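Let me begin by handing over the structure; questions about it come next.
Each chain carries a letter (A, B, C and D) given by its place in the written order, and its residues are counted from 1.
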Amino acid sequence: MADFLYQLLLSFDATLRIATPLMLCAMAGIFSERSGIVDISLEGKLLSGAFVAAAVAAVTGSAWLGLGCAMLAGIFMSLIHGFACITHKGDQVVSGVAINILASGLTIVLGIALFKRGGQTPSLPRDDRFTPIEWWGVDMMDSVPVIGTIYRQLISGHNMLVYVALLAVPLTAFILYRSRFGLRLRAVGEVPEAVDSAGISVTWLRYRALIVGGALCGIAGAYLSIAQGGNFVREMSAGKGYIALAAVIFGNWKPLSAFMACLMFGFLEAATTRLEGVDLPLIGEVPTQLMLAMPYVLTVLLLAGFIGKPRPPAAIGKPYHK
Amino acid sequence: MNTALELKNVSKSFGLVKANKNINLAVEAGSIHGIIGENGAGKSTLMNIIYGMHRADSGEIHFGGQKVDVRSSADAIEHGIGMVHQHFMLVPTFTVLENVMLGTEGGLMLRDGRGAALERLLHLSETYNLQVNPHALVSDLNVGQRQRVEIIKALKGGAKVLILDEPTGVLTPQEADQLFEILKVLRDDGVSVLLITHKLSEIMDITDTVSIMRQGEMVGHRKTSETSPQELAELMVGREVLLEVDRKPATPAEVRFSATNLGYTNAQGVLELDDINFEVRAGEILGVAGVSGNGQTQLMETLAGMRHLTSGSLNILGTEVTAADQTDPRIIRDLGVGHIPEDRHTHGLVLNFEARENMILGFHDTELAGSGTLFDYKAIQQNCEDKMAHYDVRPANPRLNAKNFSGGNQQKIVIAREFSANPGVLLVGQPTRGVDVGAIEFIHKQLLELRDAGCAILLVSVELDEIMSLSDRIMVLCGGQNVGIIDSADADRQTLGLMMAGQRQEAAA
Amino acid sequence: ESHSDFKPAVIYDMGGKFDKSFNEGVYAGIKKFQDETGVEVMEFEVTNEAQRQQAMEKMVQRGATIVLGVGFAQADAISAVAEANPDVNFSIIDVSWLDHPNLRQYAFKEQEGSYLVGVAAAMASETGTVGFVGGMDIPLIRAFACGYEQGVMATKDDAKVLQNMTGTTPAAWNDPTKGSELTQAQIDRGADVVFQAAGGTGVGVIQAAADAGKMAIGVDSNQNYMAPGNVLTSMLKRVDVAAYETMKDAMSGDFETGVRLLGVAEGGVGWALDEYNADLITPEMKSAIDQAAARITSGEIEVHDYRSDNSCKM
Amino acid sequence: MSTPTPPLPRWADLILLPIINLFAAFFICGLIVLAIGENPIEAMGVMIKGAFVYSGGLGYTLFYTTNYIFTGLAVALAFHCMMFNIGGEGQALIGGLGAALASFGIGLYLPAPLAIPLAVLGAFIAGGIWGVIPGYLQAKRGSHIVITTIMFNFLAASLMVYLLAGPMLEAGQQSPQTAKLAESTLLPKMADILSPLGFDIASTPLNASFLIALGAMAVFYVLVWHTRLGFNIRSVGQNQEAAHYAGINVARTIIITMAISGGFAGLLATNEILGFNHKVVLNFTAGYGFTGIAVALMGRNHPIGIFLAALLFGALTQGGGELDFEFQSITREMVLLIQGMIILFSGALAYMFNPPLARMIAKFVAPKDPANG
């Protein structure tokens, strides 16, 4: 039993690691979609961030520079999205698809041109990555039963960006519900006319939402390539942006609920990793593909109204015409 | 004279539509200035220009004697202009307070300005008797309460000019009266009020001065005390209002269409049609009168199968339709019902389709589209050419997209299509809205011809004169209820007016 | 320019020639050949399924006289192209089941090399639990795992061997994140030495082991340098030798076809000892491994090949 | 959908604007090529040669074109109904499954003239099923089609991995793929079809599926513009309310549209599976479903336009492969970049050049004011 609980604890630990990029992207998605812009380009921004972080870190030897540039890369992609669907009122889905395809092409083309490694970036030495941080007093706490273990395994020992992601959630909630920017953001996603009529620029407000989202995706990308991993691999985002989008929908466009959805999706994957090939009583061997497809299955069921009805921001997807 | 606001030669186009042409307007400080005009005359556009929501293509705006450049509503607000828009600009998921705060939050954090905003809100609501719970969700408020929130929003920055774009369209008479009291208080405080409305009585009751717009132009300015409703109406429409129709008495035959205890409750649970009974016979026109928004649209759409009746029943040419039947427009059409929808752009036409395609819309399952499995474009073209000739659609080009026809000709396309199917029952909604005089006459003649050919016609129109001159009997709706059905011979404006205000026929008579 | 009509070509598989592992091993052999002979080798890296055959045809069209395919995934493609071009020579690595008169096939006794690193793992482990992370779940990788397990058990019969495969599709060769998660999971369950045979995914394995202060074992190429101090050793599969030999033989015109099976005895598989892991390999370990190698060469130990009966019954 | 842009003459809207958008996309890509130190003109030349000049180049180009026609038609049909079908990728994958099931199920017992149509139908129906579910969910339960089709792509991929690595894996196979399909269900190569007729073309993967694609184009044209169903589809797409008013069953039209759209995407399997791989392999869709969006956007949802756009993308795909051989630092992923740019410029930014173009045309063409003097 104790062993089982210990393993469960470790799965939570893994859940956190897996959910980190999801959380960051989901918060990005919330910013963008709450402002009324559909964001299927989370995937592309994540990928660009991952590439730029790894490339910059490899060239400069600085993880911090990598992180900064990844955020800029995410913002840049967001600005393309904004230019197309805010400034030119283009179709938001088409623009998102374009950005995702652009990102997969651009990262490989640039990767090959810069590093000549088939699209990968060089592996970073340990010091050039964000590595796990041991918290103060871990050894001391060890003597305390249960709490000590939780402290060591679950709370301590992650890299900085995991904590950044964990902070991003309450921060997003705080901004959304407590700040002026958040009030306006929520308003512009529901009734942009009201925002315009209140003397606030719809355009600039939406751009700002996208910029914040781009930066968050950039951090998520950096997490993949210079924190959790040590280099960039082509297509390394592997659908995480879409899962994050699913989490946004699942969380009904609310930060805390989306966070829970990320944890759930993360836990599914962590459990899959750990249960692979293990015969469980009653269930038998866990079918990996089914477990991995669960986020998509659940999202479809949710959208179909079988789990509850998501209520998207009213103005989402519609360009604002005066 | 102290001018609060002055417009000089303001023009604005949307693509090919010239919404405002060289508009001049002066509004005195501390007065209520009315603006009237038909749908699409350009009133809202003009107000939006003043409020900075639209940018004029040319022309000048002066506030308090100074030329100003209003680039956005922020500028307008800064100059002391408040606006209550034709359509509510409220975020339904927000509380009243949040809606009022939007744009004037008073700090980076909501906490910083919430107290002050609440205080201001309460102050305004007390001063002008605008009761509303600051912490209620807007989605829980009724339209009257929402209106109050809009007014509070417009006044919160200490507006010197208050624009109200058709504020009374959604209000009950009591609510409208209350609003006017508020406007008077505001005027006495030195605020200039710009009031847009379609209702001449309101103009006469409350305004000091009035400007009239027609097709994007300012066609006149009057002192209210020196004008009459007749004069205003003529200026507005640009024609004699009362059109004489040469109508022979009807010879009604068998009942073609009847409603028994018809009821309709919408998705929000609001009862919009309440226990309606009527019948329409072959060879007669039953007119439906009422103030806009009293259930006419719901009635038409329920009869046409576009909404499901929720109680009672219909009898359409012998077929019984009850709430249990899943009707749809197809079934109703197949029973032999034709339908001129109230809103041709949303319902009557596919604007991006060619005229010849629109001419078979709804009939594309019939011979009109050819007798084989595939469309026969020769037949489709021929059909369209014939109908265009018969109904005088101009230009008579079947390949032109519907959106490129003028409003009147678009309406003729719809009419041509529905009339020529020789329906046993015809539902007609606002047949002449936005149509010029010549076309109106033509359409009226066609309607009467159809009647005389034995069609049972139900006619809905906001134009009382149209109803009176075409109908054989008139049903009046108020609040979703049938107030009564009277013979058009007995109908005069006053009787109808009282009925439209909700007085039962017996009382009226 | 006596060799002007000699035009070699190589087609790397997914993962690319810098996968730090299998493809990179081939690349090392090709590079050596190029450096020695100065002959330019045409190269192509496959990035999707549809490209393999097209790339081979392309090479033939461009006048290649020898085409080397890397990896079993190219078996079908090379079979078709070899059939259609009888006067071009072909060679493929990790395939033994085809039959064309112009095709040389290299197969390795991976189980033997894995056995050797299994010995090392068992001796280096303090917890008595060691791990294995495979790439795509196929018999070839099972053979690695099986040989490893035999080596571990032969050295420490109460040891525990944890095993995970990354996936069932070629994407499993290139998923370092998943690799590091799997490694983490094994470490959580007590493993302190983890052997990977997972292509690009292995990078994540090594990294996760290093991050946790545990040991990893590299595969195919010498990966000791990747995390000095945390890579115990690497199981070498001398695909570089195969590549080099193919080119050399083809150039000299003395290109025998058929299957070449390379094991410990032939120097085709082995283990890596260099400056990066010299401190990690104790003299006892070294002698134990060397001894095992000698006994395999002599036939005294026969390492069971998973592929022979699709099972790892020892 | 009204875009508040000044109207262009028809020729400019149909021909000039797409060309300008295309040019803009290539221009930006050219800058990127320059930035990584290669010559874009030269790269373009290599692609063109690879696509059309080299022996077999054209065959490969048309082979890829076939894929793009199918997915382009799929996206375009849905567009006519104002549905955004991003699910072409998944529908095509499942189409492969359908083809394989048909082939293994019946192919063994029937001669080719019967077996082939059944296998093709299998692909169509399977793809259709994968399209109709999101269609149903959109029409009846209001689930947003964009999101559901994205989810269905992942579900299809998961399902195929499970099947190909599990139940359908050929015994003794190392790669996740099925056994070879029944001989009688395989489509002949074009080279083999044409050689008895006296045309000698290089043997390439180009196969009879190309003819199916041409047929699908014709079916598309007739369906959309000459049938009652097509009229329903376009009505619902242009104005749902008017369609409802006219007695068209909107939900049913959406569902049928998505079924046929998915079916078109599923037909991709006839080319890749029945015509070329001869077994179901993993990821044979290789992004064609997504590119279908670009094809439909560029082709303005008309079969002729789609054919031209598909040819362009076919040439890019084939010619792009040539980049790998000729350049050190440019690879075929350059094509992905170009695709992304094309979707951006001819899709999301479609009307960016409209106003300046309209102004220019107004300047050059004799200024005759269209309306209202």
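By definition in this document, contacts are C-beta pairs under 8 Å (C-beta built on N, C-alpha and C of every residue); 3 or more make two chains touch, one makes a residue touch a chain.
Predicted model only: the values in this text are computed from it and were never measured.
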Original post:
Counting only C-alpha atoms to place each centre, which chain is farthest from chain C?
Top reply: B
Original post:
Centre to centre, by mean C-alpha position, how many angstrom separate chain A and chain C?
Top reply: 35
Original post:
In whole angstrom, how far does the Cα centroid of chain A sit from the Cα centroid of chain D?
Top reply: 30
Subject >> chain A and chain B: spacing of chain centres that average the CA atoms, whole Å >> reply: 47
Original post:
From the C-alpha centre of chain C to that of chain D, how far is it in Å?
Top reply: 39
**OP:** At least two other chains touched by the same residue of chain D: list those residues.
**Re:** 4, 161, 331, 333
Subject >> Junction residues of chain B, two or more chains touched >> reply: none
Original post:
When you check chain C against every other chain, which residues touch at least two of them?
Top reply: 45, 47, 168
Subject >> Pairs of chains, among all present, that meet the touch criterion >> reply: A-B, A-C, A-D, B-D, C-D
**OP:** Mind listing the chain A positions that touch chain D in their complex?
**Re:** 38, 40, 80, 83-85, 88-95, 97-106, 108-110, 112-114, 116, 119, 239, 242, 245-246, 249, 287, 289-290, 292-293, 296-297, 299-300, 303-305, 312, 321
Original post:
Taking the complex as given, what residues does chain D use to touch chain C?
Top reply: 54-56, 60, 161, 164-166, 174-176, 272, 276-277, 281-284, 286, 321, 324-325, 331-333
Subject >> Partner chain D, residues of chain B touching it in the complex >> reply: 14-16, 18, 304, 306, 328-334, 339, 341, 346-353, 357, 361-362, 364-365, 369, 373-375, 377
Subject >> For the chain D and chain B complex, residues of the former touching the latter >> reply: 2, 4, 6-7, 222, 225-228, 231-232, 234-235, 238-239, 241-249, 370-372
**OP:** Show which residues of chain C lie in contact with chain D when the two form their complex.
**Re:** 42, 44-45, 47-51, 54-55, 57-58, 61-62, 72-73, 75, 137-140, 168-170
